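Input: structures, listed below.
Same chain, two partners: subunit A is paired with subunit B first, then with subunit C.
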Partner chain A sequence: MTTTDTATIRNKLRQFIAETFFIGEGSDDLADADSFMENGVIDSTGILELTSFLEERFEITVEDDDMIPDNLDSIDNLVRYLGSKAV
Partner chain B sequence: MDFNENSLRIDAEKEIERICKQMRKQVVNDFHKRGAVIGISGGIDSSVVAALCAKVFGPKRVLGVMMPETDSSPESEKLARILADEYGFETLVESISGGLTGLGCYQRRDEAIKSVFPDFNSNWKAKITIPTSILDKDTFNFFQLNVITDSGERRAKRLPLEAYLQVVAASNLKQRLRMTTLYYHAEKLNWAVIGTGNKDEHMQGFFVKYGDGGADIKPIAHLFKIQVFQLAEQLGVPAEIRERTPTTDTYSDEQTQEEFFFGLDFYRMDMLWYAMENGVPPEKAAEVLDITPEQAKRGYTNIQRKIVATEYLRMPPVEVEI
Partner chain C sequence: MKISDLLEHSAAAFADRTAITHGERSVTFDELWATVSTLERFLRQLPIEPGSRVAILFENSIEYLTCFFAATKAGCVVVPLDTSANPLTLRSILSDCSATLLFCQSRYQRHLAKILNESTPVKWLVTDKEIKTDFDGVTRYSLDNVIGNTGDHPEDNTPAPQERELSWTDSPNELAAIYYTSGSTGDAKGVMLSHRNLVSNTLGTVEYLGLRAEDSVMVILPFYYIYGNSLLLTHIACGGRLVVDNRFLYPEVILDTMEKEQVTGLSGVPSNFVILLNKSTFKTRRFEHLRYFTQAGGAMAPKTIQQLMDAFPEKEIWIMYGQTEASPRASYLPPDKLKDKLGSIGIAVPDVTLSIVNDSGAPVESGQTGQILISGPNVMLGYWNQPEETATVLHEGGLLTGDLARQDKDGFFHIVGRKKEIIKTGGNRVSAKEVEECLLRFDNILEASVFGVPDELLGEAIKAVVVLKKNAQANAKQIQDHCKTQLALHKAPKHIVFTESLPKLESGKINKQALVNNRS
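Up next is the complex of A and B:
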């Protein structure tokens, strides 16, 4: 994954997070390394929304074993996870 | 603090006395109601609450309502009858299957299941589970749909968002219709509806808002499940009820509360929770429970996450501040 690819993925993720979980306002305060769960951004239903987005937008399959905070709980973690899925 | 395997032992006799005193004040003095209506399922929680009500109001001022539906286990009604016989209160059976059919509960739920298993039919059995123990892996809580086909084959798939929401929304009609039925009888008698949720359910959000969460008072919502068992023993709840594995009695396939929601046996969950609440280091909790400190930390995290995520369920309707 090139730097440009990473930046594009990061932007797509940010846009999704902002539109889905903030409904447009307040997402600027969330840093890329911030935990979604600890910051009350998403709950267990939100994780399903996020998973559906990843599968549809990046055409990957999120396996049950992948449903862990190390993969899904921040923008940084998501970028790393998508990189491991060869996106 | 001293944390050991007896940390959740309570003086059940004293606690019963304390609860009964408050129930009487809340129902009779504060609400001006003259008795108690309880949904009884043959489970340990509703049995304990029914026994408490019989003690507070006398059996003649207690009505136990059984509300079976198509997916209910026949065992539930049998146990509920044993309970009513033990404490001498009146019971009623109100089948809610017709009402649920009218509301489209089964049809909407099956439609969602078919989006995951297209060949699903009403002869199959289905249930929802969380697939892993919360101690073994730091995983998010997500749900898996498990089915047994008419030929006995077991299949399981993670529920995608839309199917998950629809299955839950349809299934929650059951608890909401039960609440409506209980309030019918309570209003007709000028009695109160008594909630049966314990602390595990109340604080981790294992209830339906305006469903089984809808009641006038919740006399055991401060007690851990394993403390409810202590009360049951003290109150003389029949052994068949005390020894039954707690189930949800909501889906067609038999489903324990552990596999549906909590992801951990009650003893370890309650002990970990108590330890967390009282600032016991995970290392100490791990030693007492014979698990690793990492598992104790995962337990703390998972319980805390559920409490935070379900805060909305416990809130009354919120008004705009003036």
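Up next is the complex of A and C:
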């Protein structure tokens, strides 16, 4: 990924997280490295919404064993994970 | 026998066995008993009257168990709090039950400024770690200091635990705990459970599940939730092990923990099993040590039960039914009847009677549909400070559940519907009225009707049909956000449908049944 691509992906992810899991303006407090789990951003059904979004928007398949915190638990982790999927 | 006696018994009978594992930490029954006794002594030094309410805002952890048993051992009434609730709800609950002491995990300290306002009844705040913020009229302590650095050597000061005869018949009707849950009228209700309620239901559940000291359960349900509390008490009572992992968000992590810790049981609500079966490597793993699954917290779709049976034909699958008001377990379907009685909630748990009654409270004829009435030592004392609400559900010592069912010729119960306007979503009870009232507080909404619709993941999902005021505009996201600011997150409607008008009955009331029937 180029720097521009990464920035675009990061913005798309942040927009999705803000629109789907936050109420109003609260998402600005979430840093890219912050854990969704530790900060109570997403629950167990929300994680399915997140993976559906990744699959549809970035045309990837999130394998069952990909569903681990290292891949999905922050915006930074998501960007890295999408990079590994050659997005 | 009180609920803390269950721990004392196991501390004597199974001293060196592990009571709880959380991450890399494990604690034996003996160690847990010593820590609980130290914290109990601290509580007794405070001017807290017996029967005072002590609230716990901790995620599942060794500390939760310590606070829970220390408070009950000190004669206090525990009030477990939903860690996902918003601060306003928490404040309202603390005020309702006049809790004088709050155990709070420091990760929730961001809520404290809103919870501990000038009118709070809380006088003592005990956090796991030292926090810096002061609150007017509230004295702060930290568990680290109380348990860890008191100079108190528990082994020197704690009387040796005694083995007990595990029996509920001598358990007092004294209030032990209050669990807050949604009622059909919308306001949260405090379900009052006595030592007798909890001990009897715990021992009955241990008996029918055949739990023993060699068992260990994977705990993914929160202890503040009555089903999670049942896991806690049953495994403490039988000398088994609680394996805590709060990361169900990532199912693979839980599955790895199950294998690593060689658990013998997994307990969940329908959405847990749907996620595991459809979005994890669950089915490909064999879990050599696993003996059973238990499921409660709302009806699980027969399709999901069948998937679970197909994936793990050699494991026991226990389908169970209950309510917070029943401490919670009322019935279970024995695994050997699962195929023949798929969809049934089974038979009554030991010492409990289920009957089907009509609107007058009289038993219906065999095979007829009526409301489930639960009778037995597990039936709650009532709702805290709500005698009128209590009177609507307690009938001659039995509990009117609001669930409509029939009993088949073999004596098995089958739920066919619900009398009350309660939606069971993701293991939570949600009052349709509470959500409707919240929607009507949104400026642009003229009318709203809320009900549950089938949902594979949640059991039921909340659907709202709304009519906007003339020339007003709003989208679903804005309405959902409004609900999320005023209600617990799981109470926000998943589906919002806009319409020009709502169908009405001759009385002028909204014809909700017509909306439910028209599921387009």
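In this text, the second predicted complex is superposed on the first by the 85 of 87 C-alpha atoms of A that agree within 3 Å, B and C clash if a C-alpha of one lies under 4 Å from a C-alpha of the other, contacts with A are read in each partner's own complex, and residues count from 1 in each chain.
Following the convention adopted for this analysis, a contact is a pair of C-beta atoms (placed from the backbone, for glycine too) under 8 Å apart; a residue touches a chain by one contact, two chains touch by 3 or more.
The structure displayed is predicted, hence computed values, not measured ones.
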| item | value |
| --- | --- |
| Touching partner for A:L72 - first (subunit B), second (subunit C), both, neither | both |
| Touching partner for A:E49 - first (subunit B), second (subunit C), both, neither | first |
| Subunit B versus subunit C as contact partner of A:E19, first or second or both or neither | second |
| Contacts of A:S84 with subunit B and subunit C, given as first, second, both or neither | neither |
| A:D64 touches, of subunit B and subunit C: first, second, both or neither? | both |
| Partner chain(s) touched by A:M37 [first = subunit B, second = subunit C, both, neither] | both |
| When both partners are placed on the shared chain, which of subunit B and subunit C touches more of subunit A | C |
| Which of subunit B and subunit C A:T8 touches, first, second, both or neither | neither |
| Common ground on subunit A, meaning residues reached by subunit C in one complex and by subunit B in the other | 37, 40, 43-45, 47-48, 51, 64, 67-69, 72 |
| Residues of subunit A that touch subunit B when the two form their complex | 37, 40, 43-45, 47-49, 51-52, 64, 67-70, 72 |
| Residue ranges of subunit A touching subunit C (in the complex, touch as defined) | 19, 23-24, 36-38, 40, 42-45, 47-48, 51, 64-65, 67-69, 72-73 |
| Parts of subunit B lying in touch with subunit A, wherever the complex brings them together | 131, 137-142, 144, 158-161, 164-165, 305, 308-309 |
| Residues of subunit C defined as touching subunit A within the complex | 84, 107, 247-253, 271-272, 275, 279-281, 426, 457-458, 477, 481, 484-485, 489-490 |
